[in-house]
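Structures incoming, each one as structure tokens.
Here subunit A shows up in two complexes: once beside subunit B, once beside subunit C.
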Partner chain A sequence: MATTLENANPTIFLQKTEREVLPDEENEDVVDKIDEREVFDLIRSINDPEHPLTLEQLNVVEQSLVEVDDANNYVKVQFTPTIPHCSMATLIGLAIRVQLLRSLPERFKVDINITPGAHASEDAVNKQLADKERVAAALENTHLLEVVNQCLTVRH
Partner chain B sequence: MSGNLELVQTLEGHEDRVWSVCWNPSGTLLASCGGDKTIRLWGKEGDKWVCKTVLEDGHQRTIRSVDWSPNGMYLASASFDATICIWDKNSGEFECNATLEGHENEVKSVAWSSSGSFIATCGRDKSVWIWEVQEDDEYECASVLHSHSQDVKRVVWHPDKEILASCSYDDTVKLYKEDDDDWSCFDTLDGHEATVWAISFNHTGDRLVSCSDDKTIRIWQSYEPGNQEGVVTNGSDPKWKSVCVLSGYHDRTIYDVHWSPVEDVIATAGGDDCLRVFQQDVTIDDKNKPSFQQVAIQREAHSQDVNGVKWHPKEPGLLASCSDDCTIKIWRLTES
Partner chain C sequence: KQVLLSEVPNLMPLLVQSLSCDEQSLKLSTLQTMYSLVLDAPEIISRQVTSLVPMLLGLTKFQLSMKVRMEALKCLGALTTLPHHVVYPYKTKVCKALADSVDDKKRLVRKEAVKCRNEWFLLGSSVR
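Up next, the complex of A and B:
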């Protein structure tokens, strides 16, 4: 990664505790709808490309900024770059998109946006992340795919 | 009218998303291409469509689009690997016998002019290339156009003139013509508020339809110099004006639009998994303020985004669509 960090001293936030498994979730007869917490759990442990910290620890993703409408197959995730000129914003958004692409059922339409007002090039980054043709082309780039996969590898 | 789209057949075989479909000029073959880097040619056996040929090894990456030459003898394919392959059947089997190189990165679209003399290509390097088709299957670059400021998504030729249209991530549509041995942009169509994904001329070539990430389609009308309406033109070039915007129908990005070459119906395909058909309301007799209505909708036409839609070139109402769900579907528009 870069030798000089863009945001050298980021604020670290408290993590959520592990989700409690509710009795209904173990009941095979109850339809288990995908909810905000479940989508948040899929993305909270994504690594920041710059720091040895997760997106949750940096408050880049928050459960309150995840919107799920299971009945209408819709998921919306807003993410907040740590600084308004973060050059990693597109990469972070791409990592979130790939993670959800790999984990959610195919029926879901997923929108990924920067939290309004959180980035200087918000519209340009949002437009690029929404363009599935460019996302598809980016994921055929082996170098970029490697960087994305590093973000998605859970550290122990 | 109000109509239904009846499913004729589902074609399976692609192992990744299908980006595009294209009928040959006689309508006997349908070519499809996609993320699995192959082209499949589908033809009829009895009353069923079957895969006749799989074209492999032409491209190293996703094949984004395909287009047949007007005589149906050649097929061009545009790939994310930055090249365009020209396939022909001279040896009896389809083979890639020419490769066009020059684009810096992903090629998004390829189109053959109606005379067969030119091929246009475009891509993420923001350029549009025009290639002159020479004898002996040679292809020479005639022009490289840098009019767009972003990724160029699609190129389409006028149905009978040597006029080219392109649309882009920069939200505009541009029109080009040959000018003293070089090509130049003579009109820019502003109006869409997001990426313009596709464009299609009507069969007479005096109208163009465009579709966008802004979830609208627009109808553009051509005004020749000296037009009765008093639309200001520049020199001998026509001026294209937006005469109708269809908004509120589509829920997500519209990835493709096609104006039937044999009747006045428009089909759209998009990220909301639906196919829609629009037709002009002929009771309104003002070409400057036409009204278009949705005459058919097929919800959940595919189980994922619909990427491409093409009317059959001969048979009215027959339609092919392709999707991220790896399938191609053939539909028939019927009146209800």
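Up next, the complex of A and C:
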């Protein structure tokens, strides 16, 4: 980790409470669709690479920026780096991608983008995150994979 | 509990067998016992991993009861706490097999499946 933090005092946002379990969810015969909240729950506890905080606490991911279409197997996630020059943006995006790769059914096509206007080199980062081969190559890098795994470990 | 733990080696074959029994309630309670044994008597469970993993994977697809599926996933997730060399050989197999469970029709089962699958993906990385 860098000795000087890029964004030393980030604003911390309130966390959502656990999702309530509805009676329908305990009924064996009802099919539960994958919705925005469910996908948001998958990514909200990802750790920030430089702070001991989650992406939800930093408002990097928000439920309103998650789009899910279960019937058409499509998921779109937008995330907002804390500062416009954040060098961690690609890493955060990669962590989100890996988490969804491991947690969502394979039938889904996942798009991960930076919220429009939130980052200086938005296009470059978006392009990198959308490139399957570059993502796969990045994960061959053991050091990088360790960093990503660290972001994905749940703190107790 | 001490008494029980000393008898576990003799009981193990029976426990493993009762996982393939038809009775749902028996399956469920065996899975619960198995879960606590993984944490309490890891060295005994380690010897049974070869038969346990395929069995638990089968139960994660048990369509009749979501409780059985959830409990099987919990057990499977707990197995990742066993010594590395015992469970690591199963990593690819388990991760692949759980791809179906994260698409389960019930949300609560998916939640367990995600937790379990992520624990298996983290095997072999230094964060654990």
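Some notes on this structure:
Definition applied: the second predicted complex is superposed on the first by the 156 of 156 C-alpha atoms of A that agree within 3 Å, B and C clash if a C-alpha of one lies under 4 Å from a C-alpha of the other, contacts with A are read in each partner's own complex, and residues count from 1 in each chain.
The definition used in the following text is that a residue touches a chain if its C-beta (ideal position, glycine included) is under 8 Å from a C-beta of that chain, and two chains touch if they have at least 3 such contacts.
Please read these numbers as outputs of a predicted model, since none were measured by experiment.
Room for both subunit B and subunit C is found when the two structures are superposed via subunit A, with no clash between them.
Touch criterion met: A:E28 reaches subunit C, while subunit B stays clear of it. Look at A:A136: by the touch rule set out above, it reaches subunit B but stays clear of subunit C.
In the superposition on chain A, contact is made by A:K127 with subunit B only, not with subunit C.
Of the two partner chains, subunit B is the only one touched by A:K109; subunit C is not. Residue contacts after overlaying the shared chain place A:N149 against subunit C, while subunit B stays out of touching range.
For the combined arrangement built by superposing the two complexes, subunit A sits at the apex of an angle of 90 degrees to subunit B and subunit C, based on C-alpha centres and given in steps of 10.
Applying the stated contact rule after C-alpha superposition, one finds that A:E38 touches subunit C and leaves subunit B untouched. In the superposed model, C is the one of subunit B and subunit C that contacts more residues of subunit A.
In the superposition on chain A, contact of A:E20 is made with neither subunit B nor subunit C.
For the overlaid pair of complexes, the smallest distance between C-alpha atoms of subunit B and those of subunit C rounds to 9 Å.
In the superposition on chain A, the residues of subunit A touched by subunit B in one structure and by subunit C in the other are 106-107.
Listing the residues of subunit B that touch subunit A in their complex gives 17, 35, 61-62, 64, 80, 105-106, 108, 124, 151, 153, 169, 194-195, 213, 252-253, 271-272, 303-305, 324-325. Remark: subunit A residues 21, 25-26, 28, 31-32, 34, 38, 42, 99, 102-107, 145-146, 149-150, 152-153 touch subunit C in the complex.
Residue ranges on subunit C touching subunit A, taken from their complex, read 65-66, 99, 102-103, 105-108, 110, 114, 117-118, 121-122, 125-128. Subunit A makes touch with subunit B in their complex at residues 106-107, 109, 127, 130-134, 136-137, 140.
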